[in-house]
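Both complexes below contain chain A, partnered by chain B and then by chain C.
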Partner chain A sequence: MSVEPSTAAPFLEIEGVTKKFGGLTALDAVSFGVQKGEVTGLIGPNGAGKTTLFNVLSGFVPPTSGRVAFRGETVTGLRPHAIARRGLARTFQIVRPFPGLAVHENLAVGGLSNRVFDAGRELAGARAAAEQVATRVGLLPWMDRQATTLPHGLLKRLEIGRAIMTQPSLLLLDEPFAGLGGHEIDEVSGCIAELAAGGLTLIIIEHKLRALMRLVRRVIVLNFGRLIAEGSPQEIGANTLVREAYLGEKGAARLA
Partner chain B sequence: MLEVRNLSVHYQGAIAVDGVSLAVARGEAVSIIGPNGAGKTSLLRAISGLVPYAGDVRYGGTSLLGMRPDRIVRAGLVHCPQAGELFGEMTVEENLELGAYTIRDAQRTRDAMERVHALFPQLWDRRSQLATTLSGGERQMLAIGRSLMSQPRLLMMDEPSLGLSPLMRDRIQDSIQRIHQEWNLSIILVEQDSALALEVAQRVYILDSGHLVKEAAPETIAADATLREVYLGVG
Partner chain C sequence: MSDLRQTTPEARLGGGHALRRYWSVLLVPLIGLIGWFGSQPVTITLLYGATWAIYTVGYDMFSGFSGRVNLGYAMFPATAAYVTAVLSARLKFSPAISIPAGIGAALLLAVLVGALTLRITGIYFALSTAIIPLALFQLTHVFGKFLGGEEGIWGVPPIFTDPRLDLVVILLILGVSMCFALWYVRSKAGLVLRAIQGGELTAQALGLNTFRFLFVSLLASSMIGATAGAYLAHFQMLVAPEILHIITTLQIITFAQIGGPGTIVGPVVGSFLLVNLNEYLRAWTDLRLFVYFATLVLLLRFSPDGVLVPVARAIRRLFLRPDAPSGPGGS
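Right, the complex of A and B next:
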């Protein structure tokens, strides 16, 4: 918190981030920036390094080299909770709610981690904060249910709810539509669009491209750890490299 | 070939599947679609003998009610579970070999292995790698390949497109169509990707809250504005 945010620097700046696991280069000198309030899509084949990039940004794994700056401050090397406290939250592909806790308690834990309210004195406040978030993600009818008994579609919303309980200014969503179908995608997509409309900066990993492309203005494409393309959804759909590595001809046609 | 009669599954008082009846003819491919929690996976698990149920499942005229899962596999009805559930710390080849556990004939196992490698050449290239090191698409190929090793006549697949990139999703679709058309297997496909479900199937069942709400040809469902709105969406 010591460095004053610069007005010129991007909200999030990724500079030459490389991550190696033994002989495998999961991320290879990835650089890009995200402006405040921007909604960015992050796509690429399975194993391209998308989740690894989220892990680096949120402090779950340190990069082998390179730098990440958030609101003008270098966050590379900070622990995940310290990064979360600065306003950078993320969700996980596989949802693991705290067992034995109700939905509203699972949400409250997200708020406690960032001291949104005082745990000892303000459990009523926790409930109120959880209710506010539950309204935004459509979980209000299930607040007292054991979180582990929720069906998959609602678990995906709980995952987003827990992250926004930390009151982030940047949220990384890892496949928010995975395992959802039809109408369920429209509902979660509606939640995300409202978060974006409220000014939250978002980076979204997703393979369900038609749903993704309605949410984002800009798309970043990773392949074998490298950034191979960057542009508007239209530009990405027309990009030959992206067609070959990721979309396939049929996939590109579905997107058009 | 397969006939499900008035099948219900209960979990601790909650009803997951409520009186579902459906049928699959020899060589037919049917899809089951519907929202999360509709009972699709529970229905497959019941047919495979993995969860107790009320009602009856008849396969080639014989009742499968109360039959052990391994007997059901030996009878030719194989279930490829969601997310593969591979043996992660074993190699690709060992995973395939385990798929043939019920086949006690080395020659038949080798033949099955060859056919699986012809369908998924990447599995041959990766035969000595651990399953955990595979990409999402390769894992799905291995899961399907392992199911085929037991030489089923009816293959039940639970969300093979889950988490796959567009390109891999299309490859998996091609391989499902080959398994159906070239291998002449009957197929039950449970899918959230409704485009995939409609493209590979001759008939589609829609399940919602444990009930069967519609059975129709894919073209009929695609042409129905209400069904499209409620069950297909834009994803």
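Right, the complex of A and C next:
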């Protein structure tokens, strides 16, 4: 059932990750690997542990047990900024623009190093990089706007653009289509497809399955913190366990 | 309500004309002229006004941009003042030693305070910074023989006999502090501080070591106030423990809040205005503080972006540059 090629060591390796919040087991011995350049969908009902898994991968939440290795290095226990510096970036399901900062400043923040003092050269470089990223995600006309005044659709793009500014090699997208209409989904989906075509490895949490399946070749399904299925969209659509837990008959039809 | 931080992006991100960025520092020689040619009470009022202005610049460059309210800011000038006073009044060191040593002691304190408190977020950061000067206040009593207890330390030798020369020195400190703070908050570090205010975890997700930026900024912020505190010990010729009271920091915050927090300039103007106002209200000290703190609460409720700078910006937008584009996002 697995489509994972067994040749190379995985780019991202998740080994038996368990996360308990008090008596609640949010993640239960989740293990899987992701190859470089792969685009993976992560689906499952609400509360299945998808975002918790992202929080563990990006260092915001320490796992109760288990290990995460990224490009051969254990990153479990590193602080979020250290993990981001290693090329593992993420977006948030609920957009988090920096209030009080213009769009171009929001983007520029993503392109800064940790040196505190700068004669201005680094900031100028980050501004130039922000222009390029804004072109890629279609934010160029709104660069001088206060980020918080943008409509939701543009904020979702800002969220992705800001993460790209860190020049990640693996990007975790948490519901990039949430709250978007059909046309907006096509636009954001186009951005993501371009990133994937450029060789960026992606893991995408999404409930809008039709849009998700256009982007991914492989899907991982979580339910009550457990990995219950893994495979191509067709395989997942045919999986009875997944149908019962999450998709229903209609949802399964979307994957066919 | 217009957002205070909606200046033009050029000014924000380090571009823009230097004159436009630093014009406000011209206030400093202007005040110097008034103080030099004014009567002695005017000179002395401006001397204190400038000292408070330096405190508020130091406070604002950290708290006004990072959103981390430092309720114990006064501990930095206080420590510098105490160490300077002990060294010069008790141990008879010259100012060339007592002042740098006072500033160094404040820096050491800032390192400790930063390491202890900056990983504490939200209201508990403010609370912990409020507590530390209370602990230091107790020390001035515990070591009362040496630190003077309630009396404070008297007999610090003055550097100049003419207060106008003190004013020149303190205004130099103010001018340099303003230039540094204006540069700093519009540099990369300022952008990161504003991002931290907007969402510290989000900034971390973008690879930023937010602790490091906060730590360095706190040190820089403490140095500004410490320099004024060390010099204060000499021109005031005494240091009293009241400087460690939370009231000192609350006054700094009031001055900053009236001017426009997160602007550096506003807090400076606010300090001079209110310290001068103090002189007129001298007869009713207790009522004065009541009015201050009532005003502070009302400002926080109704005009969190302050008064002076937002009003000045609105006037400029209305009259001076009618066809210039308004700030991003409009009003």
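Everything that follows uses one rule, which is that the second predicted complex is superposed on the first by the 238 of 256 C-alpha atoms of A that agree within 3 Å, B and C clash if a C-alpha of one lies under 4 Å from a C-alpha of the other, contacts with A are read in each partner's own complex, and residues count from 1 in each chain.
The definition used in the following text is that a residue touches a chain if its C-beta (ideal position, glycine included) is under 8 Å from a C-beta of that chain, and two chains touch if they have at least 3 such contacts.
Values in this document were obtained by computation on a predicted structure and should not be read as measured data.
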Who does A:217 touch here: chain B (first), chain C (second), both, or neither? neither
Which partner reaches more residues of chain A (counting touched residues only), chain B or chain C: C
Mind working out whether A:153 is in touch with chain B, chain C, both or neither, as first, second, both or neither? first
Check whether A:104 is in contact with chain B, with chain C, with both or with neither, and answer first, second, both or neither. second
Return first, second, both or neither, reflecting whether A:93 touches chain B, chain C, both chains, or no partner chain. first
Would you check which partner chain A:179 touches, where first means chain B only, second means chain C only, and both and neither mean what they say? first
In the complex, go through chain C and note every residue touching chain A. 3, 5-6, 9, 12-14, 187-189, 191-192, 194-195, 197-199, 201-210, 212-213, 216-217, 328-329
Applying the document's contact rule, which stretches of chain A touch chain C when the two form their complex? 58, 60, 79-82, 84-85, 89-90, 92, 96-102, 104-106, 108-110, 112, 114, 116-118, 120, 122-124, 126-127, 143-146, 149, 162-163, 165-166
So in the complex, which bits of chain B are touching chain A? 33-37, 135-137, 159, 162-170, 191-195, 229-235
Applying the document's contact rule, which stretches of chain A touch chain B when the two form their complex? 43-47, 93, 151-153, 175, 177-186, 207-211, 214, 245-248, 250-251, 254
